[in-house]
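When the chains are written out, they are named A, B, C, D, E and F in that same order, and each has its own residue count from 1.
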Amino acid sequence: MDNTRFDKGMAMLAKIDGIGGQEVVNCLEGIAPDFGRYLVEFPFGDIYSRPGLDLKSREIATVAALTALGYARPQLKVHIAAALNVGCKKEEVIEIIIQLAVYAGFPAALNGLSAAREVFGNLQDIS
Amino acid sequence: MDNTRFDKGMAMLAKIDGIGGQEVVNCLEGIAPDFGRYLVEFPFGDIYSRPGLDLKSREIATVAALTALGYARPQLKVHIAAALNVGCKKEEVIEIIIQLAVYAGFPAALNGLSAAREVFGNLQDIS
Amino acid sequence: MDNTRFDKGMAMLAKIDGIGGQEVVNCLEGIAPDFGRYLVEFPFGDIYSRPGLDLKSREIATVAALTALGYARPQLKVHIAAALNVGCKKEEVIEIIIQLAVYAGFPAALNGLSAAREVFGNLQDIS
Amino acid sequence: MDNTRFDKGMAMLAKIDGIGGQEVVNCLEGIAPDFGRYLVEFPFGDIYSRPGLDLKSREIATVAALTALGYARPQLKVHIAAALNVGCKKEEVIEIIIQLAVYAGFPAALNGLSAAREVFGNLQDIS
Amino acid sequence: MDNTRFDKGMAMLAKIDGIGGQEVVNCLEGIAPDFGRYLVEFPFGDIYSRPGLDLKSREIATVAALTALGYARPQLKVHIAAALNVGCKKEEVIEIIIQLAVYAGFPAALNGLSAAREVFGNLQDIS
Amino acid sequence: MDNTRFDKGMAMLAKIDGIGGQEVVNCLEGIAPDFGRYLVEFPFGDIYSRPGLDLKSREIATVAALTALGYARPQLKVHIAAALNVGCKKEEVIEIIIQLAVYAGFPAALNGLSAAREVFGNLQDIS
């Protein structure tokens, strides 16, 4: 096992997703534990750890991409929370998703806003 | 015609895309001139003109979304150039597209990088 | 605010979607009220109000597009109901979705038929 | 071989696509001749031949679906021509594609309009 | 009705999907019975019955395609079960879905693994 | 740099893609060399090197996925050649793509067959 990438990835995952990311990895234990390891190593150990783009910009890109894909609601919810964790304001998340109506159509944006409402609602339940 | 939104949109389009955006609108003259007007009014007059997100972040979102869609190469090229116009560094554009391998797969990222190579190459031809 | 487009859009939305469209707009109040306004103004005030294509044909196009996208079930359900509102017969809606098996594959068509079954079932509950 | 479905399909294909459809089938001869037969039998012999929806409405659905998919330019061009063959006006084809900006985003609509320009241009070359 | 293709398709469907496939066809009775017939005739009577590729390889292709599409969870679940029926090991199904992270991104693979967990869980409930 | 994964990936890439894969990596040198390294390490060093699924089955999955995505023609061509390299017959590749008409629609299959024709044609030019 590649401890450097995995450890770097786990630290990055905790920084970005808080407990949400750890839950995704745990969830994979029963079905595909190696995939949990890849998820830590490649996206978080390799990509998010790269110096050329700040984490807030990275999460803007991810929220935009997941809204555009349309079918990735669970991952979009994780990354809306992640965007808030790394410094996006709720208003900025909403702006990104609204803008996606231009590029991926109104249904993708409407479903993205519905995901954001759920994430924001859960945050209020906690606080 | 709604001059406020159109004028605001044309100013925003010029700011973001330079002559590239104007060419897209001109190109629509012969086939669907009203669509050229909508393109100016809604995405640029309404959305990009909103205050809640800076233009650099908006272009990060757009480059990410267009890379994820996979089939939007002409628009991706316009917005890679636009991202550079509003303050993204070439390295940041590359980082966004690399990151998309995580969310939309390696083919989407490879095709995005190929579009970036073309845009960057054209820029070097001009200067 | 652009009252002409908004008012024209609200009238068109009521004509096409009945109360279903109004509910979507209301739903956006809490998360992105401006997006609710855009939804009324651009798709309904600008596009559906254009003279060059009758409303029944517009809804045929929309049901086809949403079935093809695959991820837009809530919007597909709204527009299946809308198609009936503007003069499509249930049988015609089913034909459109069946035909989509050719262009977007059997899973997209199967999921579209499942959405239609839900919409048709709800209509029977009301009457 | 199932002559009824094939013959019905060939007649329907000729009616809808003119020589364009025949060319697609011929083109498949060298690589997958059975697929050429399926293409005639299932979409045209089975689906387009069904009584519940007129051919013009079927082509409206197809143009919308292919515009939404984004990656199907060759097929979109064939079906833009087919839509004209079965009674759509050029203006109606343009309206369908413009409307798709709402559901699949502006890039899908822009690429659809570019396909329409090519088809309409070729028609003018002939006449 | 084309009894040869239908009968061949029903036999193939039973062989591949067990009762799951029959349920899909039954389910279509109330909304689009002809589509149930097409589903038997074209995919199963025509395609899966072709000699050039063994059934295990066909299901590998189908699981991969449905994972890539992202929006086809019900069909993916049916075909994960089908893959096991025609000789895939659970581990092989997991490998296919993990590999899809490369081509369609991590969200598509994560959602595919979640579908596999459900299918495998249901199998354990039965046995 | 992680020599084990990279070296294992380069060996796997050579085995699967022959010179085609190396060309993709070389091509990335000028625009995103790190991405070339990731492409070797993650898909080929990590995933294709896993023991649970044979290489022929892996390429069947990849050809199916890339055909379904619709926008990944350059990658589909590389992997059609790769499928032949690891033991698929041309007829099997054609069967996979034909089958995709069921899951992703006839346009995706038609474009996939067109890619296969190009790859097979180039092979004949060489021999």
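Structural remarks
By definition in this document, a contact is a pair of C-beta atoms (placed from the backbone, for glycine too) under 8 Å apart; a residue touches a chain by one contact, two chains touch by 3 or more.
All values reported here derive from a predicted model rather than from experimental measurement.
When the contact pairs of C-E are matched by residue number across A-E, B-C or E-F, over half of them reappear in A-E. Counting C-beta pairs in contact, the pair that comes out ahead of the other among A-F and A-B is A-B.
Between the Cα centres of subunit C and subunit F there is a gap of 39 Å.
A straight line joining the Cα centres of subunit A and subunit C is 30 Å long. Residues of subunit A found to touch two or more other chains are 34, 38, 42-43, 47, 50, 66, 69-72, 75, 94, 98, 101-108. For subunit A in complex with subunit D, the touching residues are 101-108. The touching residues of subunit F, when paired with subunit E in their complex, are 42-43, 47-48, 50, 52-53, 57-58, 60-69, 72, 75, 91-92, 94-96, 98-104.
For subunit A in complex with subunit E, the residues that touch the partner chain are 24, 28, 30-32, 34-35, 38-39, 43, 66, 69-72, 74-75. Those residues of subunit A lying in contact with subunit F across their complex are 2, 5, 34, 38, 42, 46-47, 50. Those residues of subunit B that touch subunit F in the complex are listed here as 69-71, 94, 97-98, 101, 105-111, 113-114, 116-117, 120.
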